[in-house]
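Each of the next two complexes has chain A plus one more chain, namely chain B in the first and chain C in the second.
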Partner chain A sequence: MIPDYSIGLLVAFASAGVAFFALMRETDGLHRLLLTDLIEVVTLAFIALVGTDLAEALILPGLVVGVSELIALSEIYRVKEGYVRPPAAGLRIEVMESAPGILAAILVVYGIVLSGFSGGAVAGLGVIFYFLCRDHSERFELIETASGYSWVFWIVAFFVFMLLPQYWFFAVMLAGSAILVKVLAKMSLIGTMRGGPNA
Partner chain B sequence: MNAVFVLGLAILVIGVLSVAFVRPKTYVARLINLEIPAWGLLLVMLAYDEALALLTFVAVTAISTFVIVRLMEWRDASC
Partner chain C sequence: MPEIGGSDLFVLEFGDILHYYSPYTLTLFLLALIFTGLAILSRPEGQVDIAFGGDAYYAKETAVSEMRFRRFMTIACGLATMGAMGSGDIFNFTLFASLVGITNVGIVAAVKSRHVLDAAYEYGIVAMVATLPLFGGAALILATTGTLSIPALAAGAIAVPPVGKALLALGVIGEGMAPFYAAKAEMFRAPGAPYVIMCSLSSLLIFLRVVEIAITI
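Moving on to the complex of A and B:
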């Protein structure tokens, strides 16, 4: 009986080979970008096959790096090809005007209740949704400043852990809320990627 | 051997073939076919109980689809 892991590895290798072959033969830029996305999915299967907590710990940063790489490559491609902004906003639906505020508020409040990294992700999702549906003429320097200060608070919390361990609870609260603001600010920037004056 | 695991691997292979040799060769067809290998990967993750990785993958797929659709929209506007 051949073990599961070997069969999975064989299948994943074959799929990766097919995906790289298609990427080799492709010449169009946007098609190549789509195939890069395919290769990301296939190679994540290699890590998923390990099937332990280690796999989960490796997949999370892999996904984050993958999506930031995709955003960066798409921006480079857009500038290289000289694409311009579409003339008018596409969607004009009533629900897009009223729903974002309510849904974003619910998600942000729930994210603050969760706190920490996952709380930041939930709250950030709410802010992304808000920025995607509404206009985004906000002050981005303010978001970036808040993000920078929250990073400093996060580091301060680690110094408290090392130098004054008796105040560990204060440090936990500080680190949890700081990483919440940090992740929220970074994720909210994704929602504004429509090439406005600020982006 | 787990049924979910076998199904996941099968869908992964089918999806990779359908994206690599897509027909008709348009951007939208390729983007839609990209969901098939993603399903295969999700089933493989499900077979090993990797809940956190699975949820993050769903969220990241939504964002990357948004990025690519935005690029296509801009492309249509300038051509």
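Moving on to the complex of A and C:
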């Protein structure tokens, strides 16, 4: 009986081989960028194969590194090819004109009830939905600043955990609400990415 | 534990995740620190073009404002290198190494000219692909030994698989390829001299560190 880990490792190495072979054969710049993303996924599979709590904690930074490199490379590709996208109007769907208010409010309230990372994702989804459907004329620097400060509070909460463990309840609440605001702010920016001066 | 870097001078523990400095890594850390300080203090180099066949020359002035992004990337690269020097956890080391890779892409890509951006794009793809052996090696080491802490691995309860070490080294080589691409794009002749050197220095330092790690564990 071959252990599961070995089978998984074999599959991951085979996928890596296929991805590298494809990357070797491909000459078009954009397609090569997409193929590197394929390799990133195999990287995450390598970490995920370990299958412990620690591996779960390691996947997130691995994913962040991959995504940030992908964004940086896309930006380089866009600049070097000289692509400038004209700003497009938002979604023109009649239902979307009236629906987002109540739906976004429900999602945001439910996200605040959930709090923490998942709550931020739910509330962020509501804000994305609102920005996608309605016009967006917000002060984006303000959102980014709020996101930055809440990230700092999150880190402060971790220092409280390490240095003053007796105040753990305060730190839990601080971390929960700070990560809620951070994820919400970061995700809400996605809803506004449609070119133009603010994007 | 083969202490090729000398005995530990300083250890900061967070559980089994720790930072430590031996004389070897401290030397590398100080190199990165000094160069980051120089990059913060120095002004961009002014260039002089000699007109061929005469006495005339053109002096090019490079303003600090043009170089802001590259200076920021250089400082970030220096911080990432310093982190990689002190880290006693293999996964943290791989994260710092890939951060060095990303900031090097930023340094190379800061020049807005077509062939420089082409080189930066090629290097970025290499750096991105190199995360596969880098994280793959760390994951293999974790899976076989159950720990990522360098002192615990060096204590040697379970032997670290050579393929894990090889993948780790291969990944760092991929992340540290920046000087070749900077040379390919002739960036060493482009204005903004002190910042480009950070590519070479950080690549050298992370490579020296991964050699130490591969021998120690």
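Simple rule for what comes next: the second predicted complex is superposed on the first by the 164 of 199 C-alpha atoms of A that agree within 3 Å, B and C clash if a C-alpha of one lies under 4 Å from a C-alpha of the other, contacts with A are read in each partner's own complex, and residues count from 1 in each chain.
Note that in this section a residue touches a chain if its C-beta (ideal position, glycine included) is under 8 Å from a C-beta of that chain, and two chains touch if they have at least 3 such contacts.
Bear in mind that the values here come from a model prediction, so they are computed numbers and not experimental data.
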{"item": "Partner chain in contact with A:Val18 - chain B first, chain C second, else both or neither", "value": "first"}
{"item": "Touching partner for A:Leu33 - first (chain B), second (chain C), both, neither", "value": "both"}
{"item": "Touching partner for A:Met162 - first (chain B), second (chain C), both, neither", "value": "second"}
{"item": "Which superposed partner A:Tyr77 touches (first chain B, second chain C, both, neither)", "value": "both"}
{"item": "Per-residue contact with chain A, leading partner among chain C and chain B", "value": "B"}
{"item": "Partner chain in contact with A:Leu142 - chain B first, chain C second, else both or neither", "value": "neither"}
{"item": "Which of chain B and chain C A:Met173 touches, first, second, both or neither", "value": "neither"}
{"item": "First, second, both or neither for A:Leu63, with chain B first and chain C second", "value": "first"}
{"item": "Chain B versus chain C as contact partner of A:Leu54, first or second or both or neither", "value": "second"}
{"item": "A:Val113 touches, of chain B and chain C: first, second, both or neither?", "value": "neither"}
{"item": "Contact residues common to both interfaces of chain A (with chain B and with chain C)", "value": "12, 33, 42, 49, 55, 66, 70, 77"}
{"item": "Complex contacts: residues of chain C adjacent to chain A", "value": "14, 91, 95, 98-99, 101-102, 105-106, 109, 112, 114, 117-118, 120-121, 124-125, 127-129, 131-132, 135-136, 138-140, 142-143, 148"}
{"item": "Touching residues (chain side chain A, partner chain C) in the complex", "value": "5, 12, 16, 20, 23, 29, 32-33, 36, 39-40, 42-43, 46-47, 49-50, 54-55, 58, 61-62, 65-66, 68-70, 72-73, 76-77, 79-80, 162"}
{"item": "Chain A partner contacts - residues on chain B that touch it in the complex", "value": "1-2, 5, 9, 12-13, 16-17, 19-21, 25, 27, 30-31, 34, 37-38, 40-41, 44-45, 47-48, 50, 52-53, 56-57, 59-60, 63-64, 66-68, 70-78"}
{"item": "Chain B-facing residues of chain A, complex", "value": "4, 7-8, 11-12, 14-15, 18-19, 21-22, 30-31, 33-35, 37-38, 41-42, 44-45, 48-49, 51, 55-56, 59-60, 63-64, 66-67, 70-71, 74, 77-78, 81-87, 90, 121, 125, 128, 132, 190, 193-195"}
